[in-house]
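Written out below as structure tokens is the structure these notes cover.
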Amino acid sequence: MPTDNKRVRGPEVSQNPSLFRCKPAEAVPLHGPRADGRQRDQVDVRPVFVRCGLVSQAKGSAYIEAGNTKLMCCVYGPKETERKDETDMKCGRLTTDMRFAPFSCLERGSWIQGSQDKDFSLMLQESLQPALCLHKYPRSQVEVNVVVLENSGSVLAHAITCASLALADAGIEMYDLVLGCSIRQDGDSYVVDPSYMEENNSSSVSSENQGGLTVAFLPSLNQISGLQSDGAMTEETLTAGVRTCTEGCYKLYPVIQQALAKAVRKGAPPPSES
Amino acid sequence: MMEVCGSSNVTLREFGCEQSLLSRPDGSASFVQGDTSVMAGVYGPAEVKVSKEIYDRATLEVLIQPKVGLPSVRERSQEQCVRETCEAALQLSLHPRSSLTLILQLLHDDGSLLSCYLNAACMALMDAGLPMNCLFCGVTCAINKEGEIITDPTAAQEKESRALMTFAIDSTERRVMMSSTKGSFSVHEMQRCIAVSQKASEKIFQFYRDSVRRRYSKTL
Amino acid sequence: MAAGFKTAEPLEYHRSFLKENCRPDGRELFDFRTTTLNIGSISTADGSALVKMGNTTIICGIKAELANPTVEAPDKGYIVPNVDLPPLCSSRFRPGPPGEQAQAASQFIADVIESSEVIKTEDLCIERGKLCWVLYCDMMCLDYDGNILDACIIALLAALKNTQLPEITINQETCTPEVNLEKRHGLHIHKHPVGASFCVFDHSILIVDPTAEEEVLSTAQLTVVTDEEDRLCSVHKPGGTSLSGEKLQECISRATVRQREIQKLIDKVILSVKTMH
């Protein structure tokens, strides 16, 4: 393994103390109400807290908190493309970078971006791109940076919502906001906006219909811009899942609209005297 | 080229310096303080990468190469100290949009390393003939368990000390250009160390003068 | 008009304020920005703190893991501090491995921890030569508006004070550690180091707690770290224009006052968190 010489290094190996716990971890209940008191098989999303324009250095920024999931997104640009060979005369470029803070998960993450971070970055880019009027920004690029401060499930879905909010805050022209929602299917039942425990707890013996689904949705155009699913699900389950996710997005919509309106009101210049 | 720097109150180890010993760089110097030894090379002013270009002055890059292996975070922090000291001493605005590269190769570390880097850097910059506002020198002081100040400590003395301070002193007003410390100490102790360093700097500047004179007396 | 002046001649713009002994954001030369602190907001970390100094925002999360001590120091644990300046916090930073500034900051924090003995690494030893704690202290900048070193030290100190390590016992029969995640205890904080950073303008004017803009325009920077016993833990001046002993003394006096203020702030916030639960 190549040694990292750009950081203060610790010991070669270290282990998470939870590997040596004396009492086994409590299992996530598979039936009845969920650990945080929400309802199973219903569009019961966690209440979200959103705020725009927190970062002074960025063109636009947003912070979202859903349960314990905490994310921050900053938008820089539009500015000149860095890589001259990729300059597009007709269309702007959207670059995304999503990373997890080392302390954001139960297991300490490494400093070097893993393949999961890169997958998320790509998914984020593909979900946001259809909503942006990139043709208005020829030869330039818009940078979207997301940092996950605490991962308590449904990170990608919230990252999409947060990023579109930050893009709107930056004044980048868009066709619509992009909202994200995810579900976790477990046999016949499903949970909306799953927590970290629910996401990583593939439990039941029946391997039928096990999987996760994240949908990026443009609410006023009623279109889906991104869809990511893993696991094996029947066709009916999947289409039902997509429908559930869009419903979840509609639940988020007023909260996001309010936050954006608040930011615009704060940023708007006072009415002129004339 | 060796010179003994023994004296009444401020004692430094044996210093040695040789300039222009490398043929490829535009300026070079080796600096020896006791068993600590550093080689320095300066390239430039030369063409600069577009991404690093500064429109009103030259871009200075300092690279520190350890004896074995790749430079780590510690070297990066030392590079920063040397670079910012050199930037203040050099008249960089005379060479806008160009690059200067200073490479410091560690040959042997026996304490007072950062000050040796600074001294080697100053001699190499002088050898390269770059215009400077002032010269600078590095002095390391260690405070041992008994509270005595040891200038230019060896690695063993550094290890036993409870505080270690390195200062860069400029040649015009003998003021502190750079300061890097380790361990905890009182304000009074630091003021004493600065005073001692200022005294030691006189000797080092005298050594600079002697070795440069000796060098040019040969070529003339 | 003023905005144009600021963009075209930033140095002259700042000078015109400094001439009147004040700064563009309304502060006097030796005023710090408002500092706010929030602790324990990250539940996945063993200890965490968020510091805001004006716009500058730093979050510090501490994760504890188990490792073998080194052969050279069998009774010592590890503290691994790292400063991250992600592209999120300012457009001046690029994605990828840490740049020079982040690396120098990480080394500075590591030096401050070692010099101040805020935590003794001996306290992290569980069984001599066999098992010890590693504290990964990751400081991430979320908004870069200058003076990250001061903010990092406050975030680190507050997060260390917030850290709760799980109880650990070694099973004598199997020689394996057993961890009780429910029962936790805090760390012993020996010292409270706090930093104060200064910028030198035009080779002579000193200002405290510089913003990102002031940092760029200044000719030298200086950070003084002191603890509650007024001992200096670090006088870090990475170069730049020279400074006289008297000016240095002024900085140290300001730093000791700052140490009192911040220690009081941390104690207040910790107390308020305790009473909330």
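Some observations on this one:
Per-chain residue numbering starts at 1, and chain names A, B and C are given in the order in which the chains are listed.
The rule is simple: a contact is a pair of C-beta atoms (placed from the backbone, for glycine too) under 8 Å apart; a residue touches a chain by one contact, two chains touch by 3 or more.
Going by UniProt, the chains are A = Exosome complex component MTR3; B = Exosome complex component RRP46; C = Exosome complex component RRP43.
The structure displayed is predicted, hence computed values, not measured ones.
The most central chain, judged by the distance from its Cα centroid to the centroid of all protein Cα atoms shown, is C. Should one ask which of A-B and B-C has more C-beta pairs in contact, the pair is B-C.
Spacing of subunit B relative to subunit C, judged by their CA centroids, is 28 angstrom. The centroid of the Cα atoms in subunit A and the matching centroid in subunit B are 50 Å apart. Residue positions of subunit C touching 2 or more other chains: 103, 106-107, 110.
Looking at subunit A, residues 6-9 sit in touch with two or more other chains. Of all residues in subunit B, those touching 2 or more other chains are 73, 76, listed in ascending order.
Within the complex, the subunit C residues that touch subunit A are 41-45, 48, 55, 57, 59, 61-68, 70, 78, 80-82, 84, 86-91, 95, 97-98, 103, 106-107, 110, 134, 136, 138, 140, 142-145, 166, 168, 176-182, 212.
Within the complex, the subunit A residues that touch subunit C are 4, 6-11, 13-18, 20-23, 54-58, 68, 70, 72-74, 76, 79, 97, 99, 101-106, 108, 111, 143, 145-147, 149-152.
Only residues 5-9 of subunit A touch subunit B when the two sit together in their complex.
For subunit B in complex with subunit A, the touching residues are 69-73, 76. Of all the residues in subunit B, the ones that touch subunit C in their complex are 73-74, 76-77, 79-88, 165, 168, 170, 173, 175-187, 190-191, 194.
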